[in-house]
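Listed next: structures, encoded as structure tokens.
In what comes next, subunit A is part of two complexes: it sits with subunit B in the first one and with subunit C in the second one.
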Partner chain A sequence: MSISWRPHEADWYEASARERIAGLVDPDSFVEFLGPDQRAMSPHLAQFNLTGAFDDGLIVGRGTLDGQAVLLAAQEGRFLGGAFGEVHGAKLVGLLRGARAAAGTGGPKCVLLLLDTGGVRLQEANAGELSISETIRAIVEARLAGVAVVALIGGRSGAFGGGGIITACCSRIVVSQHARVSVSGPEVIETNKGVEEFDSKDRALVWRITGGRTRTLTGGADRYVKGRIRDFRQAAIELMTQAPPFTFETLAAEQRRLAERLQEYGECRDAPQLWRKSGLPEPERIAELSDDAFLAMARTKECKHDAR
Partner chain B sequence: MEKFEVKGTNRRRAPGGRRQTITGVNASGNLEVMIERVLPDSECLVEVTTAVTGFRDIWYAVIEEFFERSAPGGLRFSINDGGARPDTVMLRLMQGVRLMEAPP
Partner chain C sequence: MTLDEGMTLDDVLASLFPGGHALERGPFGTVHGTGRLEGGGQIALVGIVDRTPLGVDGALLLASRVLAVIDKGGGVPIMMLVDTASQSMTRRDELLGLNEYLAHLSKSLALAAARGHRTVGVLYGRAAAGAFIATALSTQVLAAVRGAEPSVMDLPSIARVTKLPLDQLERLAQSTPIFAPGLDPMVAVGAVAQIWDASKPLAEQLAALLRQSVEARDRRDEIGLARKGRLLAAGIAQRVAKEAAAGA
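Then we have the complex of A and B:
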């Protein structure tokens, strides 16, 4: 019996990092760097009685997307919550530095970051924090060299902690309904500020605050897609050639936009308050709409920005 | 955490031309298995690193049954386990052999 599996039809949320790559890039084009057989594993986890992963939860390599050369990195959100450790981070930084180095000599013009992370791995926190900082610098330098860095987010771990900051540094951000992007996660906020500040068990609230739809409507994401791998592929194809120039004017415009957003909506306690203020119809129902209805909906002015 | 290995002898070479593959994820109740064609055709080996201690007898039983069912000559299986059930372990090992059947 032969089973035909069509990776691009699969659901991004349910797929593993390797399945996402298989469905995202052109068929059979992916070539992995430092693959699992190299056993570049965490040297720290064993002291905590934890088993590692042969790729340390991050897959890096090159491929083609619609015939164009790209570099890509995919986090496995189910291994330790996709969290950054020393080796994991070094692989990502190496990929981005490689992109920058090759940019002047006809290398790939785009890096795709398939983020799925809770942030820094607590067991190797110092190395993880350093690798987040190095990643941010490497993204900035790659963008300065003219490389588009596109974040694709829709996995179970979202993009939290340093992963949320890394997201905000990218040229373009693609999300699905499942995506969550933030810095401090709901449990962290609840632990530090109390349940009245943020009830992490209220799933609807968590998605209203950090979820893909809210991020799209507030200009925290550039493209909202339905959840299949091929939807992310289509968005990546369209966005990889549309990165804004990474200039002082771009950053100043983004700063102005964020300052205005804070002034206008800073007092709001929940997402529907924002939508009511910005004049969207039926603000309470936005979370319940189908993807098609959401995509067809009128936009807020915040999500029409082109600062990033 | 516990580490051990189980060796087997085999009548035949595992079919296919693939040199290496990986399946599964090291997550709670799951495991990753990397398969490499690096041994003589008459041998096979499963190396286990598991987060859960004290179940070595069950691992031996599952792996020996797997050797009997699929004859994976020439293959080395390396496992990082996050506490998978025996049926999941068997499924991943069988998946691994099947993936190695692909052309190189």
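Then we have the complex of A and C:
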């Protein structure tokens, strides 16, 4: 008897980066660039007594999604928290630059970023920080060339630090309940500002402040999905052709959208306050709802927008 | 003024714009205005000063200033003056989606560059982590006045997170620019394009920078390679870009 693993049905949160790719794109369509056999590893980790990975925690390549050519990058959140180092970051920058270069000659119209990162890898802090800035510029240039860049988030390491900033530079953002998107991590805030500002051990609080549901309800994410790989696949298929253009009008709309958010919710300190203000029924229960019940809820007005 | 303390904003402005400038201080540590360039013409000024952490309010205000310059048209160059800290570390900022506000500022600066506005970062004080990314690093070319202090994270914090002894980190920091805080390592990896000498007129150093042609693409990895501070990034990015474009 053979047991067949069905990658589409697997859970995004539990899956490795390679499993996510396998379940996301069309079967057998993935071709990796600069794969593990090429040994593009970090030369900086040994001096910190850390073992490197053959892919430096980032997998890049091409494939097809519902028959359409796409480029994609997936961070392995279980390797050093999916953090950006020199090689890891350069692979992502290269992928996005390649997307832009090919856009004028019939290349893929979409890049999928499967983010799963704690931010900058401190052992390579300067190279990691700079690669995040280079990634942002490369995303903007790809978008200017008409390429949709779609972020898919729901892994163990979330999208923190520069990973959170990169997320909001993408054309579209897909999250699950597990997704945590933020700049300063809760531990960093607690260390700097004290436990009364942010108790990083209070998991429910962390999810309310940074989690996928809060991001969806405030407009920080475009699509909320249940946690299977196939849910992310379906959302990516739908969104890759619905990306806002990178124009003055788009950013002017984002300016208004973010200003309205500050005006309406600027005094809030916790998510239920914000949900109550937005008129949601039973704001205290948002975190407990099933995914189906959450998806069935009436959306706040911010949730459908092209202002990104 | 000593090198240790860096330059004050007034020092910087006086040295940059002997022909005059008009700068207003706004809330949240922001500034905006215009400066008169040597040899004619104006440059739009925006900035975050006084080592103020960059939060949702400040980032949104700065982005609005940048978008206003774009909206006015005319291709006026934009200078981002930077003496911040790290991003504002509060629960409120994160609840409201600080990542979107910082990204919005970064994108606004990138749009300005794409629309033909030269964007110049002038780092004369501190900048760290997300605030560094959203301001100084989001310009086409970043100049830092000698004495400036860019960083990702300070060494004691890196020691805490990596669980390595501080003295070991301090030793390592002498031999590689890859993680150490400070101006020289940031120059070596290619983050800072040029260092300005505070003892000479900054106006001349700005004029020299503006005489250089605009880089059509992001060459910071090539600069890091040439300076031997980031040996692998440029080659890796090129290899992947080639494969990605070839698959089309």
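Quick notes on this structure:
Following the convention adopted for this analysis, the second predicted complex is superposed on the first by the 307 of 308 C-alpha atoms of A that agree within 3 Å, B and C clash if a C-alpha of one lies under 4 Å from a C-alpha of the other, contacts with A are read in each partner's own complex, and residues count from 1 in each chain.
The rule we apply is simple: a contact is a pair of C-beta atoms (placed from the backbone, for glycine too) under 8 Å apart; a residue touches a chain by one contact, two chains touch by 3 or more.
Just so it is clear, the structure is predicted and the values come from calculations on it, not from any experiment.
Residue contacts after overlaying the shared chain place A:Arg18 against subunit B, while subunit C stays out of touching range. In the superposition on chain A, A:Val149 contacts neither subunit B nor subunit C.
Counting the residues of subunit A that each partner touches, subunit B and subunit C differ, and the larger count belongs to C. Of the two partner chains placed by superposition, A:Cys110 touches none, neither subunit B nor subunit C. After overlaying the two complexes on the shared chain, residue contacts for A:Glu76 are found with subunit B alone; subunit C is out of touch.
In the superposition on chain A, contact of A:Glu197 is made with subunit C only, not with subunit B.
In the superposition on chain A, contact of A:Ser131 is made with subunit C only, not with subunit B. Counting contacts by the rule stated earlier, no residue of subunit A appears in both its interface with subunit B and its interface with subunit C. Across the complex, subunit A is touched by residues 1, 20, 22, 25-27, 30, 32, 34, 36, 49-51, 78, 80-82 of subunit B. Subunit C meets subunit A in the complex at residues 56-57, 60, 63-64, 67, 70-71, 86-87, 89-104, 106-108, 110-111, 114-115, 129-130, 132-134, 137-138, 152-153, 157-158, 160-162, 164, 172, 176-181, 185-186, 189-191, 217-218, 220-221, 224, 229-234, 236-245, 247-248. Residues of subunit A touching subunit B in their complex: 16, 18, 35-37, 46, 49-55, 76, 78-79. In the complex of the two chains, the subunit A residues touching subunit C come out as 31, 33-34, 40, 43-44, 47-48, 60, 62, 69, 71, 86-87, 89-91, 93-95, 97-99, 101-102, 105-108, 120, 122-134, 136-138, 140-141, 144, 159, 161-162, 164-169, 181-184, 188-189, 191-193, 197-198, 209-210, 214-215, 218-220, 246-248, 251-252, 254-255, 258-259, 261-262, 265-266, 268-271, 274.
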